[in-house]
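What follows are several structures.
Next come two complexes, and both contain chain A; in the first it sits with chain B, in the second with chain C.
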Partner chain A sequence: MYWVSVVTEAGIFAILALGLDVIWGWGGNFDLAFYGYLALGSYMTFVFSIGKPTNSSTEYIIGWHLPVLLSMLLAVVIVVGLAAIIGAIALRNLRDIYFAITTLAAVYALYLLVANYTPLFDGFNGVYGLINPGQAALRLTYNGYRIVLLVVVLVILMLAYLVVQRLSGSPFGRMLRAVREDERAAAAYGRKVFTAKYRAYLFGAAFAGLAGGLFAIFISAFNPSAWTPQELLIIYAAILIGGRGNPRGVIVGVFVVYIGLIELTRYLPSPASRPDFSPALRQVLIGLLIILMLKFRPAGIFRERPGVDPEQSPSLAQPLPTVAPVAEVTADDGGAE
Partner chain B sequence: MSNSLLEIANLTKSFGGLQAVRDCTFSVAEGQVVGLIGPNGAGKSTVVDLVSGFTRADAGAIRLDGTSLVGKAPDVISRLGLIRTFQTPREWRQLTVMDNVLLARRRFAAESLWRSITRARSLRREEEADREAVRAILERYQLADLKNELAVSLSGGQKRLLEFARIAAAEPRLIILDEPMGGVNPVLGSRIGDAVGQFAADGCTVIVVEHNLPFIERTCDQVIVMDLGEVIAQGPFAGLRANPRVVEAYLGMDQSHV
Partner chain C sequence: MSTFLVSVGVGLATAAILALSAVAFTLEYAVSRVANFAHGEFLTIGAYVAYSGQTIFHQNVAAAALLAAVAGMLAGLLLNVSLIERFRGRSAITVFIATLGAALIVENVLTMIYGAANRSYSFVQGGEHHVGPFLWTTSEIEVIISALAVAGLLYLLLQNTRFGKAIRAVSQDRTLAQVSGIPARRIVMQTWALAGAVSGFAGFVLADTIGTFGPTLGFSFLLLTITATVAGGIGRPYATLGGALIVGMVIQIAGTYTSSAYQLVYAFGLLVLLMLFRPNGVFVGRSATAVRA
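Then we have the complex of A and B:
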C-alpha cells in the first residue's frame, strides 16, 4: 500500500507540474506563487465539503456540505480567480526576476494570512475531515479505496496530459512559445503579449487548483506545514530534469524526482544520531541532479519538440547539393558594410 | 484623399533632457521605397519605434492610411498592416524556421486557447494552406532545406533571410526595415536588395533605415534625411548631393564616393 500512496502523490504532482509547465515552460514566466494555488485549491475543497466546524475551538469559512466533486470544481474556479488577480498585477509590466519576486511576495502574503488569520482556514491547525469521500457509497475497503483513488488520479493525469499535449502542438502553443522567445518580435507580428501570457497563467493555475482538490482527498487534512513555498522548487527541478516545455518529459521528470530520489533515499541507512540525514541528502541529490542535467543535457530527458513539418519541400525531392549556397555565402559575415 | 500611406506631422519625443525627435514631418506615398538616413543619433530609430508603437510620442500625429497610430500598442499597429524589423534579427530562437514563418502568417483566430483544444484537428487542416504558402516562401529565400531546424541554429545571414521570409508571409501594407544591411556581406546584400524590390513589386510600401548609401541609392525612390531629430531634406537620392545641409550633416567625406 505504501507504493500505491507514493505513486498517487507523484500523479497529483505531475498534474500540478503540467500546469506549471504551460506557464513557465511555454510562457517563460517563472511563477513562484504556483504552490499557493495548490494550497488554495486544497483548502477550498475542504471548506466546501466538510460542513460546519464540529467544536467551538475550530473555525473556518463557508463550511458547506457539497459533494466532493462539486467542491473541487468550485475550488478550481476560486483558484483561477486568485490567479486572475495576481496575474493581472504581475504579468502586465513585469518580466523575469521582477515577475518572480512579485509572485513570491503574493504567495508569502497568502501563506501568512492563512497561517495567522484563524477565521479563514483555522490557522496552523488547518482543516481536516475529508476522509475517503465516497468509500461507503462505493462499498470499498480502505485499501480498495486507495487503489481506486490511484486509478482516478492516473486517469485525470492522462486526461490532463492529452489536453496539454494537444495544446502544445496547436497554434496557441506555438504563439505562446513565440512570446517566450521574443516578446517584442511577437508584438511586432500582432500578438497581444499580455493576453497570451495571462491566458496561459489562468490555464496553468486551473491545473494547480485541480491538483489541490485531489491532494485534499489524498491526505484528508491540510495546514500551513503542508505547503511551504520551497515545495515548488522540487516541481521546478522535476520539469527541468524531465524536459521543460515537453508534457511527456514533465510527467517523467516528476516521477523520476519523486519516486527515484525522494522515495528511494528513504531506504538509505541513516545514522541513528542524525535523523535529518536522509532529507538533507535528498536536497543535495536534487541539487546535484539539476547541476548535472544543466551541464550535460540542458533540454532535459525529453527535449521540447518543435513542430516538425513532415512535407518534403520540392528541393529535397532532388539530391541535396553538398553545401547549401546560403551557408557558403554567410560563412564570413561582416566582411563588408 | 491623398495617396500618402504614412503621414507624420510635428512628431516630437524626448528622453529626459534629450530631444531625440523634434517637430518631425514627412509622408510616404503608397507603393514607394523610401530611405531614412542620417548620422548616428539623428532620431531614425526613435521614429521607427514611434511609428510602430514601441515608444509613445510626446506630441504630433502619425497616420497610417488615415488611421491615427498615436497611443496604439505595437500589436494593434501591426494588425493595421505594418511590419517592422529590428536592428538585430529577432527570430523566435527555439522555434523551427517553419514555425517562425507560419507565425508570421498571423492567423490570430486559430490561436484561441479554447479552439486550440477543442478543434485541434480542423485547425491543422486549415493550416495546411498556410504551410503550403510558407514552403513556397522558404524556397524563395533558400531556407526550404532548413525548415525543421531551430532558428537559433541559423547563421547570421540566414537569420536575415528568415526575417525577410517572415515579412513576405505577413503580407503587410507597410514595411519598416531597421538597418537590414548591418553585418551583411555583398552577396547577401544584393539578395536583400532584390527582396526589397520584390516587396515593392508586390505593392508594399517600404521604409528602409540604413547607413549603406549605395544600397539606398539602388533600392529607394525617395530619401528622407534626418539630423539631430529633425528632417532636413526629402527627395530623390540624386538631389541630395546638391543639398549643402545634407552634405554637412551626413554625406561629408563620403560625398566623393556616392
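Then we have the complex of A and C:
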C-alpha cells in the first residue's frame, strides 16, 4: 500500500507539472504563484463538499454538501477565476524576473491571508474531512479504494497528457513557443502576444485546480503547512530534469524526482533528535538538481520537440532550414543579459 | 505618547535594517545584473553565525555583529565565485532560478545544522528612551545609528574611492570597464563580498530586533528587500534608502492600525502595485529585462 500512495501522489503532481509546463515550458513565464492554485483548488473542493463546520471552534466559508465531483469542477472554475485576475495583472506588462517576483508576492500575500484570517479556511488549522468519498457507494475496502483512486489519478493523468500532447503540435502550441522565443517577431507576424500567454496561463491553472481537488481526496485535510511557496520548486526541478516543453519528459521527470528523492532520503540515516533533517536534506538535493540541470543540461533529458505543422507541404517547409538558425541566434541574444 | 508616533519610531528602525539589505541587493544587481534570490540567505547566515558566536564572545554585541558581517562576506564571495560567475552570459531568468536553487540549499543546510525551531539571542535589549517624539529601546537606537553609519560609510566608499569609481564603471558596462584597465572580475568579487558583509550585519540586527528567528528569516525579509529596492529604483544605491523608508513606514503604520499579522500582506500588495504602475519609472531602464519589451 505504501507504493500505491507514493505513485498516486506522484501522479497528482505530474498533472500539476503538465499544467505548469504549458505556462513556463511553452509560454516562458516563470510563475511562482502556481502552487497557490493547487491550494485554492484543494480548499474549495473541501468547502463545497464537507458541509458546515461541526463544532463552534472551527470556521470556514460556504460549507455546502455538494457531490465531490461537482465540488471539484466548481473548484477548478474558481481557481481559473483567480488565475484570470492574477494573470490579467501580471502578464500584461511584466516579463521574466518582474513577472516571477510579482506572482511570488501575490501568492505570498494570499498565503498569509489564508493562514491568518480564520473565517476563510480556518487559518493554520485548515480544513479536513473528505475521507474516501464514495467508498461506501462503491462497496470497497479501504485498500481497494486507495487502489481505485490510484487508477483514477493515472487515467486522468493519461487524459491530461493526451490533451497537452495534442495541444503541443496545434497552431496554439506553436504560436505560444513563437511568443516565448521572440515576442516582437511573433507580434510582428500578427500574433496576439498577451492573449496567447493569458490563455496558456488559464489552461495551466485549470490543471492546478484539478490536481488540487485530487490532492484533497488523497490527503483528506489541507492547511497552510501543505503549501509553503517552496513546494513549487520540486515541480520546477522535475520539469527541468524531464525536459522543459516536452510533456512526456515532464511526466517522467516528476516520477523520477519525486519517487527518487523519497526513496533516497528514506534509507538515509536520520538522527532521531532531528526530525527536520531528512526533509531539509531533500530540499538541499532539489536545489542542487535545479542548479546542476540549469548549468549542464538546460534542455533536460527529453528535449523539447517543437510541433510541426502537419498540413505544411514539403515544398513550403523547404526554406525553413535557412530561416531557423537565424531565429535561434536572435533568441539567444535576446536571452543573454 | 501617541500610537502613531510609536509606530513611526519602530518603522524607522525597520527602515534602517531594510535600507542596509536593499542597498546590498542593489549593489549585487548593479555589478552582475542579477536579481539574487539567495540574498536573503546572507542575512540568515549572519544571524545564525552571530548566534553561534554569542556564547564564545560572552554576549559581546560588537563581536557578534562583526562575526555576522564576516560570515556574510564569505557567503557573498562563495556565491559569486561558485554560481554567479559561472552563469555569466545566461539569460537573467536562468540566473534568477539558479539563485532560487541556492537559496533553497542554504536555508535547508541551516535547518539541518540548527533545526527548524526558532532561536533567540540573549543580548540585553535595554530600557526604553524618549528621543524627541519617539520611544525607542536601547537596541533600536543602536540599530538606527549603526545602519546610518554603515550607509554613510558605503556612500563615502562609492563616491570617493577608486574602488567605488570602479564599481560604478563596472555597473555601467563591464566589458568597457575591463577594456579600460579595470580588473572587472576582481571588482565584481569585492562588491559581492561587500554586499554579503552588509547583509550579514543586517541579518544580525534584524534577528536581534525581532527577538526570535528561524531558517526562513532571510526569505521572508527578501521580499521586503525587493519591495524597498523596487520602490527606490534597482541598481541605484542612494534612491534605495528612500525606498526602504517608504516600505518600513507603510508596513509599521498599516500594521499598527490593523493587525501585525498582515504587515507583509501590505508590503506585497505595495510591491504588486509598484510593479504595475511604476515599473519603468522606478527601475532604471537600461537592463535587457526592462519591462514592456
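Following the convention adopted for this analysis, the second predicted complex is superposed on the first by the 296 of 337 C-alpha atoms of A that agree within 3 Å, B and C clash if a C-alpha of one lies under 4 Å from a C-alpha of the other, contacts with A are read in each partner's own complex, and residues count from 1 in each chain.
Everything below uses one rule, namely that a residue touches a chain if its C-beta (ideal position, glycine included) is under 8 Å from a C-beta of that chain, and two chains touch if they have at least 3 such contacts.
Please read these numbers as outputs of a predicted model, since none were measured by experiment.
In the superposed model, A:A109 lies in contact with chain C only, and not with chain B.
With both structures placed on the common chain, the touch criterion links A:R184 to chain B and to chain C.
Once the two complexes are laid over each other on the shared chain, residue contacts for A:A137 go to neither chain B nor chain C. In the superposition on chain A, no contact is made by A:M1 with either chain B or chain C.
In the superposition on chain A, contact is made by A:R174 with chain B only, not with chain C. In the superposition on chain A, the residues of chain A touched by chain B in one structure and by chain C in the other are 184, 334-337. Residues 52, 54, 73-75, 78-79, 83-86, 90-96, 98-100, 102-104, 106-108, 110-113, 115-117, 120, 123, 127, 131, 135, 138-139, 142-148, 150, 155-158, 161, 166, 170, 181, 183-189, 211-212 of chain B are the ones that touch chain A when the two sit in their complex. Note for the complex: chain A touches chain B at residues 163, 166-167, 169-175, 177-178, 180-182, 184-193, 196, 199-200, 203, 304, 306-309, 311, 313-316, 320, 324-327, 329-337.
Residue ranges on chain C touching chain A, taken from their complex, read 33, 35, 83, 86-87, 89-94, 96-98, 100-105, 107-109, 111-112, 115-116, 223, 226-227, 259, 261-262, 264-265, 268-269, 271-272, 275-276, 279, 288-289, 291-293.
Chain A contributes residues 30, 89-90, 93-98, 100-102, 104-106, 108-109, 112-113, 116, 183-184, 230, 233, 236, 274, 276-277, 280-281, 283-284, 286-291, 294-295, 298, 334-337 to its touches with chain C in the complex.
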